[in-house]
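Labels A, B, C and D are assigned to the chains in the order they are written; within every chain, residues are numbered from 1.
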Amino acid sequence: MTDKLKVAVLGASGYTGSELVRLLLRHPRVELTALTADSRAGKGMAEVFAQFSGINLPTLVKIDELDLGGIDAIFCALPHATTQIVLKDLLAKKPSLKIVDLSADFRLEDPAAYEKWYGHAHQALDLQQEAVFGLVELYRDKIKGARLVANPGCHTTTSILPIVPLLKAGTIDADEIAIVSATGMSGAGRAAKEAMLFSEVSEGINAYGVGNHRHTSEFDQEYSKAAGHKVEASFTPLLVPMNRGILGTIHVRGDARKLHDVLSKTYAGEHFITVLPFGQTPHTRHIRGSNHVQIGVAADRREGRAIVISALDNLVKGASGQAIQNLNVMMGWPETTGIDQIALFP
Amino acid sequence: MTDKLKVAVLGASGYTGSELVRLLLRHPRVELTALTADSRAGKGMAEVFAQFSGINLPTLVKIDELDLGGIDAIFCALPHATTQIVLKDLLAKKPSLKIVDLSADFRLEDPAAYEKWYGHAHQALDLQQEAVFGLVELYRDKIKGARLVANPGCHTTTSILPIVPLLKAGTIDADEIAIVSATGMSGAGRAAKEAMLFSEVSEGINAYGVGNHRHTSEFDQEYSKAAGHKVEASFTPLLVPMNRGILGTIHVRGDARKLHDVLSKTYAGEHFITVLPFGQTPHTRHIRGSNHVQIGVAADRREGRAIVISALDNLVKGASGQAIQNLNVMMGWPETTGIDQIALFP
Amino acid sequence: MTDKLKVAVLGASGYTGSELVRLLLRHPRVELTALTADSRAGKGMAEVFAQFSGINLPTLVKIDELDLGGIDAIFCALPHATTQIVLKDLLAKKPSLKIVDLSADFRLEDPAAYEKWYGHAHQALDLQQEAVFGLVELYRDKIKGARLVANPGCHTTTSILPIVPLLKAGTIDADEIAIVSATGMSGAGRAAKEAMLFSEVSEGINAYGVGNHRHTSEFDQEYSKAAGHKVEASFTPLLVPMNRGILGTIHVRGDARKLHDVLSKTYAGEHFITVLPFGQTPHTRHIRGSNHVQIGVAADRREGRAIVISALDNLVKGASGQAIQNLNVMMGWPETTGIDQIALFP
Amino acid sequence: MTDKLKVAVLGASGYTGSELVRLLLRHPRVELTALTADSRAGKGMAEVFAQFSGINLPTLVKIDELDLGGIDAIFCALPHATTQIVLKDLLAKKPSLKIVDLSADFRLEDPAAYEKWYGHAHQALDLQQEAVFGLVELYRDKIKGARLVANPGCHTTTSILPIVPLLKAGTIDADEIAIVSATGMSGAGRAAKEAMLFSEVSEGINAYGVGNHRHTSEFDQEYSKAAGHKVEASFTPLLVPMNRGILGTIHVRGDARKLHDVLSKTYAGEHFITVLPFGQTPHTRHIRGSNHVQIGVAADRREGRAIVISALDNLVKGASGQAIQNLNVMMGWPETTGIDQIALFP
């Protein structure tokens, strides 16, 4: 046991926190050393999530009670804005920590962009500059040497993976990207809000954050870098009556066959990404509970137009699974360690 | 009772058939005189749909057994292609029949378009020319005098209602219309197919008919008529794990405020259409079981772009409710007769 | 319009409140005059429940702001304990009011039983004695002359209707009644609680209030009255991932055929109750949105044992529909007025 | 790799088959050597279940095409009745095979009981006598030396585990056991039947096989053995609109505290069984996708009565997970090998 990496999960009482615990419990090179949840401190994890009944886990503590001496790495699943203050403090106390942050705080490189979308100046600018955007398939080399990795959002992971290679290759019109991204409810978190009650959500579908969703800023950053000039996509998220899964449906201008070729080649060696045969498109249920992404490309009946569809599990590849994939890369471990489950279907 | 209209429902064993029966049973000017279902002939309706247990209804018969003498009007909920042969025959026998057809057979005016999308020549060209496209809010005057009305499809009703007025007014770019239309499972009908089993559908979302869905032909026809020139939109339908409801999410180019003005004015006097305040967008659960349509318009963060979202119940305004609305107009009755229910929520 | 009954709904911002409004809007002899919701006072009903968008309704007010002068009858959908204080006050101010109360406050005749189950002395003992238990099929005659009717609970309506006639007839062993009553989530109300979030409820089933649910007291009262001696049944409620519907599965000792005969005869003339053919059992989806009850009886493979299964919609026959049925009887109107909808299936 | 056990899955195109493949792919001591599915022979597993896209698996073959030479052990997930003929033949050809059978064919020891419940004489009586009932926690010692293990049914596993120890200890009245067992839809299999369509199942609940379900015979056998005399329980299964999970709600006569003591002691050392603190009862969502069972005991308000509630995943502990647990025991491997996943929640 002594050679295992000692890991803490900050914010273990939310869904991304419990998903980290689910996966890390079966990760062969990690020891779960501490779990924090300020509002539930003192409770056992099984009191907060009954799926852990009968399993040995550290008691929940407050962040202030963390004993950093015994901790090598941290997964941070805290709310936006709080995160930058907490992590600045922890790294000041122990600069050798390895950190994967699941909040939005360190995803944007440009302080001005952060301020515009989040409404306040960033409180840890040095760290913001240091942080690496944690989309492994795009930034694997940078992540290897990183101390602080900013895990990308679930909607953005879904639609960055299929579109960035196309922008890099110049095979689509950067000005005409229309994304409709349908997500299950676990992406909305565990806060008790009327709009998230079963009776309000079940048997219905709706859009939210229409025209101006905050995560658009991640698209802007990555699409623009890929294209080499400023790109702004249109993006509308939908809420679907299911627990897990995101389906990105993206209408673009470009030759569908070429798009398929570019994506097939780009991701040929990637364990977690499957580009389906031309014309086939994915179902979210086939990646539920797994770290896999399935991408499909089909031709529109209008020449020069294509539909790209991308599916992943918002809590795994869209959050906690990708966070562990990042840790694996940071530590130089085989990238699939602990996150190689097959999807749970049905 | 003698002054009630005597009505037959052809294809009463499908979901649009049972929905017609549900609504017509409480329609004050209609008497349900005959129900057909060739594969279930001889059975009671309650054997096929247990929600009718304890309710007095005609026994299911085969179409050949229909006594046309006692029938004034017909709702036809038969499969595509079969329909044109059946209705040609019935109208030959009794030309005075009033007919609302829920299939796709008479929706396209152009025989060439029909042949292209459906793969065979139309078998009742005279009727095809005679038929009126049954979108009441657009064609009310033509429907008044019609003998044969072609009830439009559910996806198309959802996205024709908000877009046609914009094309007529010239407020959007006709070349850049990208529709993602998410539908509940009842739209897929009652045929026993593996892909429609609960265990296959639940907890997942996927696209289908990508790039080339047949109903696109209805968009082409109506959008082109509205614009005054050929228009082809991009259209991707999604299947959502819920029973009823369609949400159309439509990315367009145009000034969002102007779009909202046009739609608000166009539908100001329409009982069944509500244009929500600017920036608000609809949830399908708020129109479940009702004949109402809710439409919202929001600005994209890019100037000159907008998102239009439209919601209706695929079995009511998207099929059987609209069919009764058509009959009401054909007969000169108040348009809301028998179809004025409030949505069932939750 | 002037001869319509002027009706107020107290507690219109909950699900039973909105269900009352849905049904009363299409009730031909009722005018919705006032709606109260203390926490949402000043808002329009469509702001609280978007299914009422575009429909003309009184603005929500506080109970204190009610103008009793213009009100003839009240549906009270307030929380337990609050209700007895509010109604005592209103009846003191205007003794001629007709009231149907949907809370538990006036269901128990025995003050000691109330105190035992609800933990405090009843604050309106006179009204408690006056109130009539509003299960129309059992107490129609008493309800006719009543001023205050206590609408029964949803679980209890489901399992009182099939069991009381059997106890009256002496055809089952009163000591061995085991009820498992599975309900949809709308029965839990609209309060924002973590345990009621979509992500917590979906794709799972569980029991609650095991061994000691408060509504057991209603069973005790009605079963004991029917049997002529003290009866205590076992009762376990389950929460099911669906919006509406209750299914009561009741294991009893008795001859199944005889049970079926007794129930068939008892309910032969009842519009809202269907006893299915022997051996058939109901599905809740076939009564969704309607005021109907379906009851089935099957033989256990052990002689002298039977399974009785009962299904209704918890928001309609289990709450708001039955409340209107009570008003219809109180007013001497046809009992089905305004509540004769067919179930919404699928 | 050469020392891995070579395993075939017969009937890989059903849900228990795909669940076996999901789990065995990550089992460190097993090599998946062959997959059969007569109706899909020649196809890749990913064509039948898209969650296996990108994963290397043997092509589906017919049973007749199996090369037994390279196979050490078989999981058989074929339909009832077919199974006994197939396995008789395979064991005749290669007597050294280790077999775990997931059908009902070898669960009943008594040929007369089999004939009564299944309507025909058993075709492999020798094997029926040889087979061991594969409920590991009850029959671990017998399973160790077994060649053929009959994996128990999902409803029966759910309600045998909590009740058998109580009957052995004599703490409940064997004559008064009333089971209501609510299952998700995956238990009904992948056959395309109208009653299993999403639109038929969603938003509703119903009983099936009322009074005389075949699996009752497994209860009879195990309960009678445990009690030492003939026991017949009452058993009603319910279908719930969710994919996975079974909740057994069992009303019994006995002292609740004593029952809890017996179960706590019996299962204290069992990895896969958690007896919750007295008065707490389980939710199926907390065992979804895992091999765990959670059991709760609560007191009825009537003295001498108790409610026992048991939850497991019908496809894992109720089928494929338990089958692998059986193989692990047969092979002398650590019992949790390959099946130690935490539940997927939400």
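Just so we're on the same page, a contact is a pair of C-beta atoms (placed from the backbone, for glycine too) under 8 Å apart; a residue touches a chain by one contact, two chains touch by 3 or more.
No experiment lies behind these values; they were computed from the predicted model shown.
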Set of chains adjacent to chain C and to chain D: A, B
Selected from C-D, B-C or A-D, interface repeating A-B by over half of its contact pairs: C-D
Most remote chain, CA-based centroid, reference being chain C: A
Centre-to-centre distance between chain C and chain B (centres being mean Cα positions), rounded to whole Å: 36
Chain centre separation in whole Å, for chain C relative to chain A (CA means): 46
Sequence positions of chain D contacting 2 or more other chains: 15, 185-186, 199-200, 202-203, 241-244, 282-283, 285-286, 288, 346
Category of the chain touch graph - line, ring, star, complete, other: complete
Chain A residues within the chain D interface of the complex: 15, 18, 21-22, 25-26, 49-55, 185-186, 202-203, 243-244, 274, 276, 282-283, 285-290, 292, 294, 315, 340-346
Interfacial residue positions of chain A with respect to chain B in the complex: 176, 178, 180, 182, 184, 199-200, 202-207, 210-212, 216, 232, 234, 236, 238, 240-245, 247, 249, 251, 256, 279, 281-286, 288, 296, 298-302, 305-307, 309, 311, 346
Contacting residues of chain A [partner chain C, same complex]: 15, 185-186, 188, 190, 192-194, 196-203, 241-243
